[in-house]
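Below are two complexes that have chain A in common, paired first with chain B and then with chain C.
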Partner chain A sequence: MNLKIVVMKKMPVLYERRQIVTPGDLLAENDYMAGENTFKENGKIYATRVGLVNYENRNIYVMALKSFYFPMVGDTVIGKVIDVSLIGWMIDVKAPYRALLRASDVLERSFRPQRDDLPSMFDVGDIIIANIVASDRTRGPLLTIREPGLGKITRGQITEITPTKIPRLIGKKGSMISIIKKETGCQVFVGQNGSIIVSGKSPEDERLAIMAIHKIEQEAHTSGLTDRVAEMIRKEKNEKKEVSGKHV
Partner chain B sequence: MTSSIIARVRQKRIEQLISLGKRLDERGLTDYREVQVEVGVIEKAEGSARVRLGKTEVLVGIKIELGAPFSDVPDKGVLTVNAELVPLASPTFEPGPPNENSIELARVVDRGIRESEAIDLEKLCIEPGKKVFIVFVDVYVLNYDGNLIDASALAALAALLNTKLFKYAVKEGEVQIKPGYKPLSIRNHPVAVTFAKINDKLVVDPGLEEEQVMEARLTMTIEKDGKICALQKGGAGYFKIQQILEAGKIARKKAAELRKLVVKK
Partner chain C sequence: MSKKKVKKLINGKGIRYDGRKLNELRPIKLEVGVLDNADGSAYIEQGKNKILAAVYGPKEVHPKHLAMPDRSLLRCRYHMAPFSVEERKSPAPSRREKELSKVIREAFEPSVFTEYYPRTSIDIVIEVLQADGGTRCAGITAASLALADAGIPMRDLVSACAAGKVEGHLVLDVADLEDKQGEADVPVAYMPNLNAITLLQMDGMLTSEEFEQAINLAVEGCKQIYQLQKEALKAKYVEVKEAKKEDAEQ
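So, the complex of A and B:
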């Protein structure tokens, strides 16, 4: 107990771990370094977003409650084809920039503009899973589908959550996502950009999975969520069974 | 970066559900989303109303000013409806001069009020050919989640019923505004009901994604005695005669339900 007070005196931190802060809130003074979603002015660190404050050693940062997706090399994302251009496709990956998927990447050989018909491969409105191979602020991110598990999605439903909640949706070592998969029997593909594909045997299964995903998004900050999600899915399933049983 | 293009898997699902008589948000084909009406939300306006239709939100303000009549109808007041699709309402709305969508919205709302003769324009004439009241109905879309027409028409009606007209006296050809107000007399209560045709079925109150997949759209504006006073068809598709007759029946029923929300007895 005493030790804690001494530490506080030495390095003034004005918020507890995981306390909510708003933009402009003074987080710490002097000896700290400004991390993600914060800035330092005259030796004082302020928040720039609404989120939960956290610190590791001398680094102080804010985990945003909501955010847009910022493309990072290596991320697997789910995007929508919004345009077919001369050399490839423009993909909406929910980022501030349009992503590009090159025709030569899909063809696995050099692209012949006179012969190859791009819309027959991917057309406007198609959903694809892709990896980001390059991203800087001067150009939109570049995508690839030349890896196993990537490519066009033809069935299932797409839903979205804010990208900061993706780690919570996956859970520790994938615990949360495997609960959803097990309980609903759906396949779930999670894109780092917050888009999620749910593909199950029936629309009802997909609806359940999507409901669970949105519950996780809304209650991401609470503990014991995994058990509650599992319970909710089971309850919903039973209710549905009872209702359909009555009709028969 | 957001686009108004709907994912193909989503489109398929909407069509599949509608052919089964279901919808994405689990309401029936002829159900409206939750409707909320608030009146008198703008203090400085003569009349105002805010309508929420699910997540669609529309604000209507009414201003009454003095002005000159049109020369072909010198003994009638002037009604002007303007609609603004402000960029904050949707990622697809851009600032700038009105586009075809906002003009269509304003005109359909205008047509409902004008053709049902809801406002007695002759009573708004102060001096024939010289001075009349001008009623400005300004529609501001605050959030766009489909079916702007119904939300705007309902908000316009609610705002008109909430409108107060300032008292005036004419002295030596000059109009003097006196303190105090009286309500603007509204004779008819037009309510718009919009249908979308998806997979050859009619759907009432289309949401944003349903509007993106619909083949055609039909709006019917119903007067308080059940007569149709305005029609508007949109989209590239077509309606069968049978479908239009069916739409008329549904529209009458739905209009009566919506009217109860804004017209107090």
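So, the complex of A and C:
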């Protein structure tokens, strides 16, 4: 028994970096701070989600492998108009709560219900990019489109990945996403809520970019992914060329 | 039916009718993420039990008046398919199913961080496809994996297992026949890392010493199941990782 306690003290972190943990796994004791996806009870830190454990200085946290989106102020999200109400639009942002986009925000002046026709601006089914300006425990998130680059999306394809893998999709200083953009020639808009819009010159390019995005989602927890993605896109493009060449 | 009654369930050497030792679990197969349309899902086979569990949420509550301002509403539906038992069962929820839904929900309430997501609901659906005793426990084991798969934060995985008394012996993981002919059945749900019991029921007669022994036996069973649960959760991701490693080596 004594021996066990000594071992624990020498090794306050019980997992290596990037090891997979499951809810309830004891990650560390005492001196550490409980970060994302962990909780502390009686001086012990446990994981709350399936993910990869990591620690920086005294902070220990878990990068979840699968999760849902939880709205945070400042996030850019991609959503779908699901209802036109009396004061604005209800937007589905793939979160536990429906988001509200106010009519006055879009009009950039106060809203006059008798004269302003909301469905002519955004109708049910429209896809919009917006920023979250407010979100707390008592109300659903409030959106704004009054910033450059936000608003209705009229072209491209939409796809979804689990929101915790967005940082992996973007990569260190945008390395991963820029490879996809460069290799496929598509524009890629990434919402923090896991929705992604890909718009390129042809549906083929878009399909290729979406394939790469899903490859990243599936293999997010493996290393050397950036090179593999670049390789995959090039290979697919060459195959396309060969096939079309034969037809001509 | 009368033919089955005559059958001796435990022989002189302490081996049960299906070849198990007294403190041995039935073979368990667990799979995570089997349903695409649910937010999280899992499948369990424990002996002849076959059970699917799915989790939805957190999402907006319907009907709206049930929403709570300080935490998420945890709901559970335990249901047996009409073909899950020997004689067709009416698909309408029976009194037994309603009660089990309630106790299973209560088994998860200490584990799930419901306070993180006010005004939402988390729905657990457990569908028994084939029943062979101990379906509430197997259902909890599967639903726990489905919750973890849905990315819902939990204090610990919940593992569940029953102990019982059959022909005077205390046994682990009571099967249908043993449950029907045995003297007692004690289902236990347990959070191994926190050492906390979240469900405890008893059906039948036990002395207080036997009851304590039965709980300890069931808890040991839960700990074994817990290891299987962890493996099943990791397996989904480890497979991808290993496949990529092999690719890189080639």
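Rule of thumb we're sticking to: the second predicted complex is superposed on the first by the 237 of 248 C-alpha atoms of A that agree within 3 Å, B and C clash if a C-alpha of one lies under 4 Å from a C-alpha of the other, contacts with A are read in each partner's own complex, and residues count from 1 in each chain.
The rule we apply is simple: a residue touches a chain if its C-beta (ideal position, glycine included) is under 8 Å from a C-beta of that chain, and two chains touch if they have at least 3 such contacts.
Keep in mind it's a predicted model, so treat the numbers as computed, not measured.
Judged by the touch definition given at the top, the superposed model places A:P203 against chain B, while chain C stays out of reach.
Contacts of A:P167 after superposition on the shared chain: neither chain B nor chain C is touched.
A simple residue count on chain A separates chain B from chain C, and the partner touching more is C. When the shared chain is aligned, chain B comes close enough to touch A:K80, but chain C does not. Judged by the touch definition given at the top, the superposed model places A:G43 against neither chain B nor chain C. Judged by the touch definition given at the top, the superposed model places A:I158 against chain B, while chain C stays out of reach. In the superposition on chain A, A:G185 contacts neither chain B nor chain C. Judged by the touch definition given at the top, the superposed model places A:D92 against chain B, while chain C stays out of reach. With both structures placed on the common chain, the touch criterion links A:G125 to chain B but leaves chain C unconnected.
Of the residues of chain A, those at positions 96-98 touch chain B in one of the two structures and chain C in the other.
Chain A meets chain B in the complex at residues 80, 82, 92-98, 123-127, 153-158, 203. Interface residues of chain A, counted against chain C in their complex, comprise 20, 22-26, 37, 39, 41, 46, 48-50, 64-68, 70, 96-98, 137-138, 162, 164, 218-219, 221-222, 224, 228.
Touching chain A in their complex are the following residues of chain B: 1-3, 5-11, 13, 16-17.
The part of chain C that touches chain A in the complex is made up of residues 39-40, 57-60, 69, 113, 117-120, 148-151, 153-157, 191-194, 229-230, 233-234, 237-238, 240-241, 244-245, 248.
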